[in-house]
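These are the structures, in structure tokens.
Each of the two complexes below includes subunit A, the first together with subunit B, the second together with subunit C.
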Partner chain A sequence: MLQKKICLLGAFSVGKTSLIQRYVNKLFSDKYLTTVGVKIDKKQVTVGSTDLTLIVWDIAGEDDFTSIRSAHLRGLSGYIVVIDGTRKNSFDVALALHKRIKTELGDVAAVFALNKADLKAQWVINHEHIHALAQLSYPVIETSAKLDQGVEDLFMGLARQLVPENSEV
Partner chain B sequence: MLVTEGLDSHAAIQQTTKQQDSPAAQGLDALEQLRVLLLGADYQTLSELRQQLLDRERYSLHVAEVISEALTLRAQQDNSLSDALFPTIEAAVSRSVEHNPSRLANALYPVMGPAIRRSIQEVLQQALETFNHLLEQSLSVRSLFWRFDAWRTGRSYSEVVLLKTLVYQVEQVFLIHRESGLLLQHALSPQAISKDADMISGMLTAIQDFIRDSFQVTSDNSLKTLQLDELTVFFNQGPYAMMAAVVRGNPPAEFNNLLTEVNEQIHRQHFYFLKTFQGDTSIFKRCLPLLERCLKTQLRDTKKFPWLAVLALVTFTGAGLWWSYQYYQHKLIAEEALGALRAEPGLVVVGFEKTDEGYQYEILKDPQAREPTAVIQALQKGNLPLNLHTKPYLSLEPTFVLARAKQILQPSPQVNLSLEGKTLVVQGQATPSWQQKLVQVGSLITGVEFLEQSKLQIIDPDAEKLTEHLGRLVKQIETSRFNFSLGSSSLENVQDHAQQVIALIFDLLKTARLMGKMPQVSISGSADETGSETINERLAKERALAMRDYLLQQGVPAAVIAVPKPDTGRRDERSIHYQVDLF
Partner chain C sequence: MSSFLSSICRNINLIAFTRNPIGQFTPCSAMPDWLVFFLVKPEDTGSYNLIEAFPYLSCFIEDAEQHWQAKCAEPLSSGVWIEIDELEHELPLEASVMYLDGQEVLLLQQLGEKYTQDLSRLQQVRNGLLTQEMLESEVKRRTLEIRKREEEIAIKLVSLTSLRDEETGAHVRRIGLYAAVMAKALGWSSEAIDTIRVAAPMHDIGKIGIPDRVLRKTGVLNDEEFNVMKKHTEIGANMLRGTKIPVLAMAVDIALNHHERWDGTGYPQGLAGEKIPISARITTIVDIYDALVHERVYKKAMPEDEALGLMQDMAGRHLDPHLMAVFLSLLPAMRRIRLEVTEENEERSDLEETEEVCV
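Showing the complex of A and B:
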């Protein structure tokens, strides 16, 4: 049995928790987690012939006043950076986080999620931004936790990167 | 170090030798000379060492000399030798068992026997203690208080019992990868309930990180315990893995040492896997026994002698023994009674069985035999249910045939009855009436087929008296007269006479019969001489007939009264008279 720690990162209220809720539909002590700033969920997936358990760390969002505790990032195998399509700031935060992790942990599996696809009319993130993300050579997936759009693809996109290639075939 | 140097120089020499072969033979000699010049006598030694290393046999001999010392030295330094040898020894033992199981079994036999016995003893002891524990919990006054306590505080009864009886119990032990917070292995005590261990493992790590980040402690320091009411989480940090033990109650100080010890052992055995951990937890299954070592429980008063259980067991055993003893005793008595009934003459036991209502005897009983209840009376003690079901039968045993004959014939003391085969022999003196009875019923008695009465003397003590009485009666009858009026044959005032005569006739009839005789009473009449002879003759006849008719009318049997005889010649009498004849 293979286990991997993955983290969901991003600015405040980009919908990290909602994405996990949608994906896992399971809660672990809500009240306590809010205080500590992290919530942990678990989801079992199968990639190719490999059974994989994802331990999903939902880390409190980052803004000008709080920064993500690097301790929480230790030992992660992959991460999802969530961007709120309606807020430009969340895009900047995402890039900054990505850069920070690259510096701290080196190359690890990652996926970018452009969340709130249900509010696409209000999006401020345009093609140029998306193109800039794609340049980082990590998958970029449009998601909506509300409509359950792209959520499965998002997590599977990360899970595929976590399984050694030889066992995937 | 010496060996390593030797190896290095050997490699160097070999390299140079190869170089010599390839370019030119000229350089070789020069180089060789240079070596001899430079190294002098050492060169010879080095060559020998090189030979020693290259020659497998010689090298083995050399190592064989020091190998035990080397192993001893290393074992004194640390535990790495046992960790290193452990897989090899395990594989060797496994192969040995596959190859020839009996050899290892024989070697282990002296150890296994006592170990198995001790293990059984411990299991029994544990069972007794558990039983006692249960009894205490359900019976004791203390348990009632606990139930009240549970009701009062709104907790479950088992929770209260656990709190009151436990010193401590280690409910769960987590082995957590320190960096990623992933769960490597998890042990759970049978009584405990656990939520998702993977997520708890992550959270425990997150809490650790949170504390460390929030309070600016150095990375060496970390959370040691986490306490909530009677629940404590003990953390033990290793270089790559952390152990977390969830404990209810207050464990002793040694418990932390145990955690450290186990964590160290895990690190020693799985150092490589911990260091290179990439999410594959399957290898850590081997750590489960080590983690389970930490699942300790200590109850209060564990050393107390299990009085209740022993008492209950003794009571049950005592009751069982008493019941068995009673059952056995009853069985003995029942069988003794059966023997007595079988031995008793005239009784035949045709059925004997034990039912829920007791012991049942089906018995055939000759009327002459002793009552079965009397036979077993001496044995019938207390409330032992010996039920007798009797049915009558006739025994053909000589004793019973004779007894039956005596009962039926009722012989006088002068008569002696005996049985010879199927013949009833009758001796002595008896009355005719008894003899008559003997003849009538003697051969009808079951078991008697013939009668032998040649030695029976018949004596009738009543015969003389009867004859006398008969004579008297005859005389009385013959002297009876009834007088008629002149020239009349009508019976006037005949009642008194008739009554007297009839009584006499009946007595006569009875007495004569007793003597085997048949009486006949003839009535004849007579007349006085006043009339003509013809008239007188007719009158005499009419008078006799009148009396005869009257007597018949009064119930005297016709057979007894005879036709009137002709006049007997009596004259001068206006009467009738009787004459008795016996045949």
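Showing the complex of A and C:
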């Protein structure tokens, strides 16, 4: 079966692990347990008539103490950049990461997740930010790992970019 | 391997492999219990495909290969990854490779306690960073709120005077917006830009102390009346003076000096050139622009090009020529403010606000 390596990137505590947990295991926890080291999960999806296994790499969040190893990006077919709508800083980190990956890997499939949509009242990411993201011409999807909103769309949004178009129905 | 060394390996949860020519890994120390779940299969041949067992290693093997080829004896580490074991516990693992005695060696270690310590240290650091980020954004939000209130109070103050003279709320707001555009172009800090946006509208606040017979006179003022009128600069400054609020401090400068002229022929002090605070020099320019291009009770609106011509004549005499040039370069932005912030629009947004309140 077709296998594609994808990874979730973004500042620490934006919800990378939570989105994967929600998508793969249908679980969510409010407690913040930071990820140290890489965790790999698998999930089978079907795009059109193509069955596909997503190999999902959960990479530790980026901050002043940890930065992403280039080796982790080897063989990457696509990535999800996660932004925490309640934290402006996570928006800046997302743009910087996206830029770095583009220069390192060239054009690979990507999707932006605006996570914690259940906390919209506390969002500091506004229309202008979202507009700026949309300009990069990758899908931007609002998600809530907590309420299971947009999570399926998020991963499918990426999976669809990974399957050659002629095999789609 | 001696049993002594084997015991050490067991104690630190480490296993050593050598790689054979077909790329399989053969253990050269005892297989630890925690590893059996991942490696051992019924058709066990005694050597293992570690890359298949641990997909994480797929991103490491390229570097490892180079390391072996270069015959490096120092260990090269893979970085930490997490596996889930048969008890559904997280198992932190790390591999390192080296070239020893003609052998391609791979060490695999379960990090255990060391990982837990690193984890809890990082958890603390990140929790701390989150709290800090939260506090910072809370401070930002509150500062913004206070700013907005200051602005509202300023506008309310100014509206006291506009009850008596003919200046409108829209004019007052435009002055602040034009001034802020100038300040931004001049590279002011964002706080200073906010400050002038609130302070500039207060330039005429002293008119509240000018008697009606002068303030509301429709004809030309005589000398005595003009002298009374001039007092609005000092009255305004005195009204606003004596606080530690930055907005009011700048408002004092502006109220006092917005009728000073670049060549020193203005009032009340006859200051010249850069002796006149820059906030006031900016306000003078934008106030004249706005007054010229808008209709007043006592005069018609002047076409913009005519107004600009007039102002260019004033540059170097009445107006700061450098700031005038800056103003001209910003004309499109000024024009947008002029067309967007009008009496009608202001009334409409007032109405909308009232409606919202009613709902």
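By our rule, the second predicted complex is superposed on the first by the 157 of 169 C-alpha atoms of A that agree within 3 Å, B and C clash if a C-alpha of one lies under 4 Å from a C-alpha of the other, contacts with A are read in each partner's own complex, and residues count from 1 in each chain.
Here is the rule we use: a residue touches a chain if its C-beta (ideal position, glycine included) is under 8 Å from a C-beta of that chain, and two chains touch if they have at least 3 such contacts.
On a predicted model such as this, the values are computed, not experimentally measured, just so you know.
Once chain A of one complex is fitted onto chain A of the other, the partner contacts of A:147 are absent, as it touches neither subunit B nor subunit C.
Judged by the touch definition given at the top, the superposed model places A:53 against subunit B, while subunit C stays out of reach. Of the two partner chains, subunit B and subunit C are each touched by A:69.
Of the two partner chains placed by the overlay, only subunit B lies in contact with A:1; subunit C stays clear of it. Once the two complexes are overlaid on the shared chain, A:119 sits clear of subunit B and of subunit C alike.
When the shared chain is aligned, subunit B comes close enough to touch A:77, but subunit C does not. Once the two complexes are overlaid on the shared chain, A:88 sits against subunit C while remaining clear of subunit B. Shared-chain residue A:132: touches no atom of subunit B or subunit C. Contacts of subunit A with subunit B, set against its contacts with subunit C after fitting on chain A, overlap at residues 36-38, 40, 55, 69, 71-72, 74-75. Residues of subunit A touching subunit B in their complex: 1-5, 28-29, 36-38, 40-42, 53, 55, 57, 69, 71-72, 74-77, 162. Of all the residues in subunit C, the ones that touch subunit A in their complex are 55-56, 58-60, 62-63, 79-82, 92, 115, 118-119, 122-123, 125-127, 129-130, 133, 137. Of all residues in subunit A, those touching subunit C in their complex are 12-13, 32-34, 36-40, 55, 61, 63, 65-66, 69, 71-75, 87-89, 124. Residue ranges of subunit B in contact with subunit A, taken from their complex: 177-183, 195-196, 198-199, 202-203, 206-207, 209-210, 212-213, 278-282.
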